[in-house]
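Heads up, the next two complexes both have chain A, just with different partners, chain B and then chain C.
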Partner chain A sequence: MAESTLSNFWIVLGLGLMTSAGLRLVLEKPPLKRIFGLTVLSHAVNIFLLLAGISSTRELHPAVLSGIVPFEKLLDPLPQALILTSIVINFGLLAYLLIYFLTAERGGKT
Partner chain B sequence: MFLFFILPICAALLLRIRAFKRSEACRRALVLAVFILLSLQFLRFVAASHSLPYVIVAGFWPHYAGIVWMIDGISLVFCIAVLVVYLPVAWVFCEAKNPNHLMFLHFLLGFSFGALLSGDFFNLFVMSELFLIASFAVFFSAETLKSARLYFWIQILGSGVFLLAIAFLYKTHATLNFADFSIRFPSQSEHTRDVLGSLFLFVFLLKAGSFPLLAGIPSAYSSLPTPWFAFLAAISAKLGIYAALRFLILTNGEFVHAHPIIFFVLGFLTALLGWIGALGSLTLRKRFLYFAISHIGFFLICTEAVFLAAGHYALAAILYFLPFDCLIIAGLVLSESDQKESDAEEDMTPFQMRWPLALLLLAGSGLPPFAAFWSELAALKGSVTSKFFFASLLLYGVCNLYVSARIWLLLFWETRPRKVRVEAIFCALACLFAVWMGIAHFDWYEEIGRRTKEPLILIKRFHDSSRQIEKVREGGR
Partner chain C sequence: MCFGMNLDPALLITILLLLHVSSFLMGGALIFILVSFCELLLILYAQPYFFASSLSFFDIVCTPYRQIFGAIVSLIALSTGILALPSSKRLWVKGSAFFALLGIFEWSCLMAIFSDHALSFFSGWEIASWTSFLLIYTGFPGTPDRLSSEKSFSILILSSLADFCLLAGLILLANRVGTYSLSALTHTSVMTNEIIALMLIAAFIKSAQVPFQFWLPKAMVAPLPVSAYLHSASLIQLGAFLLLLFWPAGHSSLVWHIGITTVGLLTFSLCGVFSLFERNIKRALAYTTSSTLGLVFTLLGLTHERALAAAVLLIVAHALYKSFLFFCLGISNKSTDHKIARLVFYSTLLIVLISMSGLPFSLGALGKDLALQSLLGPFPTHAVQIFTWFCVSIGMVANIVFVCLFFFAFKRGQLHRVIEMRTLTSFLPVFSLLALLSMGLGLLPAWLFERIQAEIGNANSTGNSPGNSPEVHLWSLGIWFIGFALALFLFKRGWVSFLRKSERPLFEFSWLEKLHSKWIPSLCERLLGNTENIFWNYGLGIIFASLFFFVAISGFPLGLPLRLRFQNTYEEVLSLTIFLLGLGSWLLVFIRASLRQIFLLSALGLGVCLCFASAGAADLVLTQLLVEMISLVILIFSWMTLRPKERTHLRLGENLFFSVFAILIGLGIALQFFDLNLIPLVKLASLYFYEHASQSGGTNLVNLAVIEFRALDTLGEITVLALSFLAALALFERVSISSRHASQVFFSVSIWTKTISRILSILLCASALFFFARGHYSFGGGFVGGLLAGLALFLQQIVFRKTFQTPNLCITGICISYISAVTPILFGHRFFETSVFAIHGYTFSTSFFFDLGVFITVAGSGAGLLNLFTVLIPKRSEKMNG
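Let's turn to the complex of A and B:
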């Protein structure tokens, strides 16, 4: 239990660091830094989603790859599905922002 | 119900085929086919409105484990609002040489239906994000990019907060489904409910274009080509209003009861900003956009009135006026295009050229027997017991009438000749339909409002659908 709490602590610490770094970068003026900050922030939110799925400190197994495991010992798969979807959406948004940034750099020639 | 999402996406993909790319007639046929098919489906739901809501669980999973689609009175009316704006805008795009405009319009149509028919928060997030990304794509020219910078950053901030709200919701409620969320919400602590309400409503009000989060909208939308301007000005904010209304209904207006003044103040400030903008803007496009923003203020005031004073009357007011408001805004904006063609119309009298505009402005002004009047009357009728709401709605009505009259005077007496597009005439004539609906069928909206204000029916349908699936599964074993 102590080990699990410790690992949760590292995740929360990472989440805090990523959020603060992301916010710092978003407030910068150069657009590329802002875009990078948004990416970091979105990953921080994804980690928060991952934390939302950890409901207890017992040993949990992935839902698909662990063979025959009782239902109550399976890891909640929903946050992982949510994270996957949000990564795809964030990727689309990031691609758009980068193209937007490049277009602005080139003086609006699309 | 799945058709609403799939059909527009298929139509968008069809537009990549050479025949549709090159032939205007093929494009018009496709647009008509999509419109007729979707209209028939919606008419079926309108005819069966007494048995709404319907729930469809995708993938044969129970509602809490799979993707759920649902249609009730609110989503039905909002979907109809999107559809009625789709036809005139798509008709204009059929003339465009570049078929990509029409393709993106179909994507936006599919994603907006997806957001309106989604039965859980994550699909709502996914669909609104896809709608947002597809709508960003229409800003792709140097001029529009420059003017939409603030709009982009505000919307992206909203997306981040939306995802954060969903993570917090899952952490605290262990569900993202509307029905289960509605059951578990009252048992949460006051702080949790407040944080959740603040996060979600911040995002939804941002999408609705509420004060002060509408900062980037006027410059961004008004720089777009006219049909895009018409579609986004009419529809984009309505998705935010739908989401806010849905959230508040699922929580029985808990947030509004706890903080009774917030929606009212935001609504009134939005309307005020809209009126000031409509009177003070230099271009007609911005005037129309600010006029639309002032109507958003009315919807926000009514949203609060649904839970504090007017009950289902206020909901009926929103449901009745919303599709016609979309038509009014789209019609006004579409009428502003093609100024070059207007040179040939100099022999026409001002009235011949401007009667559709006059009709659209009358419909939005609140004068009897036009659309806004019935909506304001229903909201006033419901809030007779609350002096505060009654006085505010009355004040709103008077100010709205004044602003409409000022825009009307500017339009009618300006010296420049103007040709009104056939699509704007369609919108104006459709607004006449509102007169008939207001006189003869307003009780239908009241009934829909009464049924959808109560989340218990929705919850029951969700659980019934899961029970049926479990029975079939057990039978299969």
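Let's turn to the complex of A and C:
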């Protein structure tokens, strides 16, 4: 448990603020703000995942030492792949929700 | 009643007191006479059937934890008697009967606790359960509630079942061992699974654990002193005492561990949640009792000494605080009219609630801390660990929510009261003393811990004093935040059944309201440059940015002045960026104009990019950058579509309650993840490391993870993207905006625009192909390339008014991906399996086709989505009409 070096106060505070701001925006009435809130929340979740990847690969793997893997600061690839998926799906969600909101507006108008 | 009229009141009270005390003592004496008689009978008539005739029914063993139990039983009995005294002032016969029953109950409990003979242990247990039933059934003089015969019958059946199981277990065990001496029985190693199961059923019923938890709330129709005594301190803890007694013997059995811990965890979480949905406050308190005993049981199911110590501590703390909470229910508003009495009462209530919720400097906190540290221990599998911590989190959150709600309700006088008797204020000090005792014990953690370790005896314990692992404290703090926020929410919405609904605000902090709705928003507006002042507009931003980049680029040791310990620069940048992102996202809450919010959101996205970059994740940076840019464009388009009224009237930061709620929940969650080792994440990275080089012939691990091994995930991802585009298209056509709008662009296209677009689209196409091709070996890949190609298509659409069949493109891409996933099955490979060919010295991997599918899908849906947004923007004339 002692090896997790990244556990410091500022990260936790920042992440807590981000999560809470996302939650706060989701609780608002206007739909646009709710969409913003979802985006902020997804950013927070992505960073959670990123930190999980950092804290779990402290020791270098033989694959890195033998030079097959060229990265200097190696991050666990699994959280990275998860984050990639998360980014894309959040983008799809954002676009769909925006269109939904806007067409509802215009549909009500005409 | 009438013959006492001409007597002196002081004399009357003395006589009454003497009468009650003597009936209490007589009750105790009755037990001893009864037991002696039984023993005599046994010796006379059943001598040949007993193994050890030398063992008497009255042999006593005094181990430390028996002393602790005995002390609790006598202490709470004493205070209960005092509590019951004023109500029985004018009831001579019924009052005396009550005190006699109380005496019988206490002495039988003590006999069960201290006796060394298995049969006298059993008879103590049996008499206690029957007496408790009588106490509940006859009711206290003057109470309207009586146990209905239906309810009492089910309770009676259940407690008889417990007694039968215990007797059967004890006799079976005694027959195997050949003695009735408890000190021998509890240390044997010949416990079979049947005996253990019988014992466990007895303990579960007695302590109201999960399958049998229903009897305790039913028994809550008993008068307050009885509830306070029987159902928080003595009867309910006999089950835990049984387990504690047989702890050394059950140690080696798997049934013992699994049974107790599973039932305990389930009770801890379920009863905690039930307590929040109970209409009657007494029944809710009964559920919290079950819940706490569930945690005690979980600890008793573990093997090491520290868990045992934690369990004993929790039992003591629980007995001390729970009896006071019952006492609170009897307090009416009138009896706290006196100023000092009110002060004493509320401070005691606060101490008790602190102890119950496990805040520091109380006995409860010590117990909970020790309990959590025992639960850190090694687990057989990840699943068990996740289950354990899930149950523990739920139970603790429910506990804290209950405590907060209880406090709020008392503060507002909103409890649905069940006043059966009015306790007099003069007896308050007795209970305050109990609470102070728990506080005092809690203030001496080191001393108490040493004492427990010395007395319970520890061969294996490493001598860790409580409070050694900070993760547990932070975890509990996070739990506290979440619980408090949930309690606020439930209270505000009036969703808790034992509270009456109220419209008044719970707390009134006018300065906080002002801070939230005036000062912070104006500061945020200034920070974003909404003034004429040139310093606020530019200077601040420049200073901020230069400081940031100075740290980021030069590697200035920022950690030193802030007293942080970083390993290297990128961690500094990472933590600084995350902190700034947190501040920035709250800025987003407080500023008003929505266009500014859109740009701030994009800035946050870029900050996230910086985080990814400082952690060394190149693929993530590329993807996030592109997605962020496209999101910005989309958001600006949608802003342009909005009517002018809505653009300005999206004000934020009005509701203080939501802000408090969000901050508590957010910080709570962040603290939960402060140390990720508490909650195991699946760490499979080494598998990828080992397999990537041999099987797929690529070097970009992230992309390989995406394309080769986690391709299913990517398949789902592009399907979602394509579906969102197609669904958006369908929505778009539903509101009958005809497609001829598509050709009419909202801005005029000049020759310069055309020229630049032509160059740009060539560049975009080239870079798309470049990133697509190198994705296998270095950062890039199908997704990034697809987004770039989508941008190029979009440029062609908007500037040169070309129409592409983007939905068809999208569907084609999806089809290619699915076919490339299924094809390996035809050749006898696994689903999605990649084959590597070497053609003329160049390696070629079949995952290329899948990547191609991703590329086409992303390009099609990206371009299509962007185009949809441009079409939605109303033309200027239309806007005028609207």
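Here, the second predicted complex is superposed on the first by the 79 of 110 C-alpha atoms of A that agree within 3 Å, B and C clash if a C-alpha of one lies under 4 Å from a C-alpha of the other, contacts with A are read in each partner's own complex, and residues count from 1 in each chain.
Basically, contacts are C-beta pairs under 8 Å (C-beta built on N, C-alpha and C of every residue); 3 or more make two chains touch, one makes a residue touch a chain.
Values in this document were obtained by computation on a predicted structure and should not be read as measured data.
J.: Applying the document's definition of touch, where does A:Ser20 land relative to chain B and chain C: first, second, both, or neither?
T.: The answer is second: A:Ser20 touches chain C but not chain B.
J.: First (chain B), second (chain C), both or neither: which does A:Leu38 touch?
T.: first
J.: Identify the partner contact of A:Thr85: answer first if only chain B is touched, second if only chain C is, both if each is, neither if none is.
T.: In the superposition, A:Thr85 contacts both chain B and chain C.
J.: Looking at A:Ala52 after the superposition, I want to know if it touches chain B, chain C, both of them or none. Which is it: first, second, both, neither?
T.: In the superposition, A:Ala52 contacts both chain B and chain C.
J.: Can you tell me whether chain B or chain C touches more residues on chain A?
T.: After superposition, C is the partner touching more of chain A.
J.: Counting contacts the way the document defines them, which residues of chain A are shared by the two interfaces, the one with chain B and the one with chain C?
T.: 46, 48, 51-53, 55, 78, 85, 89, 92-93, 96, 100, 103-104, 107, 109-110
J.: Residue numbers of chain C touching chain A in their complex, please.
T.: Counting only chain C, the residues touching chain A are 469, 471, 562, 564-567, 570-571, 574-576, 578-583, 585-586, 588-589, 594, 597, 601, 604-605, 608, 611-612, 615-617, 619-620, 623-624, 627, 630-631, 634-635, 638, 641-643, 646, 650, 652, 655, 658-659, 661-671, 673-677, 681-686, 688-690, 692-693, 699, 701-702, 704-706, 710, 713-714, 716-718, 720-721, 723-725, 727-728, 731-732, 734-737, 783, 861, 865, 868-869, 872, 882.
J.: Taking the complex as given, what residues does chain A use to touch chain C?
T.: Against chain C, chain A makes touches at 1, 4-25, 27-28, 30, 32-33, 36, 39-40, 43-44, 46-48, 50-57, 61-63, 68-78, 80-81, 83-85, 87-89, 91-96, 98-107, 109-110.
J.: Please output the residues of chain A touching chain B within their complex, sorted ascending.
T.: My answer: residues 34, 38, 41-42, 45-46, 48-49, 51-53, 55, 78-79, 82, 85-86, 89, 92-93, 96-97, 100, 103-104, 107-110.
J.: For the complex, which residues does chain B have touching chain A?
T.: 122, 126, 129-130, 133, 136-137, 140-143, 145-146, 152-153, 156, 159-160, 163-164, 166-168, 170-171, 174, 176
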